[in-house]
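Structure below; questions to follow.
Residue numbering begins at 1 within each chain, and the chains themselves are lettered A, B and C in the order written.
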Amino acid sequence: MRVSLFITCLIDQLWPSIGTSAVEVLRRAGCEVVFDERQTCCGQPAFNTGYRREARGFAQRFIEIFEEAKPDVIVSPSGSCTAMVHHFHQLFPDDETWRRRAEALAAQTYELSALLVNVLGVEDVGASFSGRVAWHDACHGLRDLGVHSEPRRLIRKVRGVEFVELHNADSCCGFGGTFSVKYPEISVAILDDKIDAIQKAGVRAIVSGDASCLMQIEGRLTRTHSAVRVMHLAELLASHEPIPQTYQGA
Amino acid sequence: MDHLTPETFKQNARDALNDPQLRSALRNLTKTFGDRRQAVLASVDNWEDLRERARSIKDETLAHLDKYLEAFADNAERAGARIHWAHDAAEACRIVIRLLQECSATNIVKSKSMATEEIHLNAALEEIGLAPVETDLGEWIIQLAHETPSHIVVPAIHKSKKQIAELFGEKLGIEPSDDVAVLTGAARRVLRQRFAESHAGISGVNFGVAETGTILILENEGNIRLTTSLPRVHIALMGIEKIVPRFADLDVFLKLLPRSGTGQQLTAYQSLITGVKRSPGDEGPDEVHIILMDNGRSRMLAHPVTRQSLACIRCGACLNACPVYQQIGGHAYGSVYPGPIGAVITPQLMGLSRAEQLPYASSLCGACREVCPVKIDIPELLLHLRAEVVEGTASATAAPDGPMKRKPSERLAFRFYAFVWSNPRRYERGLKIARLLQRFGVRKGRIDNARGFISRLVPPLGAWTAGRDARPLAPRSFREQWRDNPGGRP
Amino acid sequence: MLAAREILADQRQNMESRQAMLSAIRRQLAASAPLDVVRSQHQAHFTGTSHTDRVAAIEQPPTISLVEHFRVSLEAVSGHCVAVRDEVEAATAVLQIIGQRERIAVSNSPLVQRVMRSVEHHAELIEAATPLALFDCDAGITGAQWAIAETGTLALESEEERHRLISLVPPMHIAIIEAGRIRQTMGEVLRLISENGGDALSRTVTFITGPSRTSDIELTLAIGVHGPAELHVIVIVGENS
């Protein structure tokens, strides 16, 4: 299967290891991965803050670029960016042609774990990682895309992993895009409930499918000198060995 | 509580976060209601179907609201009720005042009604010496405390037992007690006297049935039954969106509302009142008045996204599920309707320019949409309102009130982002420059090299680092690594 | 009291407001029409997935009788229920429930009348009590027109019996019903009470599910606020059950 990778600007610039891990995992699952370098951003920050004209520009560029290669599917290691693609049609209330193109593209665009489990039928990607981990359901992936069982199935197949369910796994981490800087105290208050649960669960790592959630969680874990590390699902699935000690927390 | 307005949301929220008693009360609310709701959902096997049916009933009603409203009015009048039409809050208050004066009522009892809070009815009546007594326990507590409700269903949830005991001691001369039964007993004794002597009762309405002209009101305490049966005159205030087409439609809503609102299969009492009693000797009021109120609701009909706001059945489930509400409570929203539904209807009822902070006070997590019994897509509504804030025009949906605050630096930032990101080479070049400047953009050059994180950023991103570390830009982006190894071959 | 002139002015104002409000609604709906088309087009093509409440339904016991189901449901909400064979046994049950209480209001239900006549008691029975008199009563005894098994609910139709205040004001409410009046669901009872059209519907229908309650203080349950603190239902099942 030929998959076109939608890397997301956040992962591209702030967390490239998620991208390289995702490529690795997709190859192991038997895909040919292509990456169109013309891509930049899906425009989610603009759409979420109310800047629809700017968001429309991003959407049109995105649609044009990704239509061209005619891949079998488009895959992204981000629930929120995948969800944004699924919302593109809302940006064209007056233009039926663009709306149809947006809908067609959305139908082909998958979040990583959904692609692996639901389309490729793959749950075991040959990963190994020793330690207790918990999963955080990123809101867009969970509620916009219905991703819930897929990451859990993938994680349970990782050799050496002890999976525990957080009592508030499906609660928001408090990121919410510009919300995290417009209302930082509320954002951190919400985050602390998540951090509290993570600490109580006694995990080595907290795993999620969205880099934005991971940034939010990681930012507080490091600020509070926690030894818990954050990992993207792709990084976990790409790993072959126990957790490297790159993290010098207290 | 005059200082609490939507405009001061940010400060209100900050105050709330620093109030440990409030936060403890909210934690209790969230956990208790969350558990109860989960437990009670198990008593239906078709929850999703019910939500779907409820939503389609509401959609059908709203699409023909004029027709159903007329049918309701005509049928209620045929059964002897008097129907009054109130275009706005002022008109609604005027009608209530006139009706109370017509019947020379001085002792007025009132049951909980968010619509009456919305129009500040009590304040209007107090001004002319006709203050009603609130009879719902939670509403009575906040009336005594001169506060506003902080939750649609449990208005006094922000108050602890101790605070309530002290309040009762101060206002009623009662020995403070830790026992909820004692406090409740005190309320019963005092209010029973008022019921016995009441001339007029004011209530809200949960649903109005077009087919029969029936109004349905739900409760647990019994004060609504007393308010609507004992006094000679009953005045009911109803938002125009409360209509459902058929009597049989009530079944769906009776399954959804108590479960969503309080985790009960059914509340203790439902009163279905059609018109007025048939003969003077029968029990019940001599006069039943129903005030149909618009007050900004019809404007919401003008767009399919905003129209769903009118499907709300005021259950409060979205408040209980909302991570923001859970942290800051209801008062921070500065209006009668707090939480997720408040964040979308307050700007529409009061004017977007007065409440433009509210649509942004959400992480868009979607928990509200998930629990809403009528499937209102609140995140979609929030995004719609945010777009209206940015566009800065008074659209059909925003109240014609005034211009939005101009945010030139934010606008410029997004134009800049759109410009740089719209071309891959510009994007890469821009981020390479940012990588270089990273050290200097960080206040006092703080990259904690031992851990690799940034602990202080310049504004506006400084808001991030107040509570969290930040990841620095990676030394090599994904696309640079891809170029070295296209296809990701090992 | 308002002069006739003022009353007419009010009526005119009301008609104007009615017209204005209905026009506003029509105007706003018309403005929305083109956008509605776009939205329904999208919904026809594309249904989103969503994380839904994953709850398993409780298995209903297959052979539970309506009476037993009603009893279980009512007791789950702090009501009391006893099944008896006939009116004499019902009367005995009533006496047991009212204990030493002295002033008992009774409704004009023929069933209640018969039950209370069938046994000796010391209490003072008050018929056709005025609202004020009810405030001094210790209990009220009524019938009910229907009952709902799945929720433990009583349905009181105001035009079948005079029980609106007797079932509400005294601190204890006793309801005597025949087993044949119990139905499984609310939906059924809503249908039954409205089946002869809106004009035949009783002007007040009251559904009662257990005693009065509140959780307004710290979400702690308190039973008995404004309505009765105790609800007792006596179900007459008849000889053949």
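Observations
Definition applied: contacts are C-beta pairs under 8 Å (C-beta built on N, C-alpha and C of every residue); 3 or more make two chains touch, one makes a residue touch a chain.
Keep in mind that what you see is a predicted model, and the values were worked out from it rather than measured.
Between A-B and B-C, more C-beta contact pairs join the chains of B-C.
Compared with chain B, the chain whose C-alpha mean position is the greatest distance off is A. Averaged C-alpha coordinates give centres for chain A and chain C that are 51 Å from one another. For the pair chain A and chain B, the distance between C-alpha centroids works out to 32 Å.
Taking each chain's centre as the mean of its C-alpha atoms, chain B lies 28 Å from chain C. In chain B, the residues touching two or more other chains are 369-370.
Residue positions of chain C touching 2 or more other chains: 35, 50-51.
Contacts with at least two other chains are made by residues 142-144 of chain A. The residues of chain A lying in touch with chain B in their complex are 7, 9, 11-16, 19-20, 23-24, 27, 32-35, 37-41, 43, 45-52, 54, 57-58, 61, 90, 139-140, 142-144, 171-172, 174-191, 193, 215-216, 218-220, 222-223, 247-249.
Every residue of chain A that touches chain C in the complex is listed here, in rising order: 86, 89, 93, 96, 99, 103, 106-107, 142-146, 148, 170.
Contact residues on chain C toward chain A in their complex (touch as defined above): 35, 38, 41-42, 45-46, 48-51. By the touch rule above, chain B contacts chain C in their complex via residues 25, 28-29, 32-33, 38, 41-45, 47-48, 63, 65-66, 69-70, 73, 75, 78-79, 83-87, 91, 98, 101-102, 135-138, 141, 154-157, 159-161, 164, 180-181, 183-184, 187-188, 191-192, 195-196, 211-214, 220-223, 225-226, 229-230, 240, 247-248, 250-251, 254-255, 262, 265-278, 282-284, 292, 294, 298-304, 307, 369-371, 396.
Every residue of chain B that touches chain A in the complex is listed here, in rising order: 10, 13-14, 17, 323-324, 326-328, 360-367, 369-370, 380, 383, 385-391, 410-411, 414-415, 417-418, 421-424, 427, 431, 450-451, 453, 455, 460-461, 463-464, 466-471, 473-474, 476-479, 481-483, 486-489.
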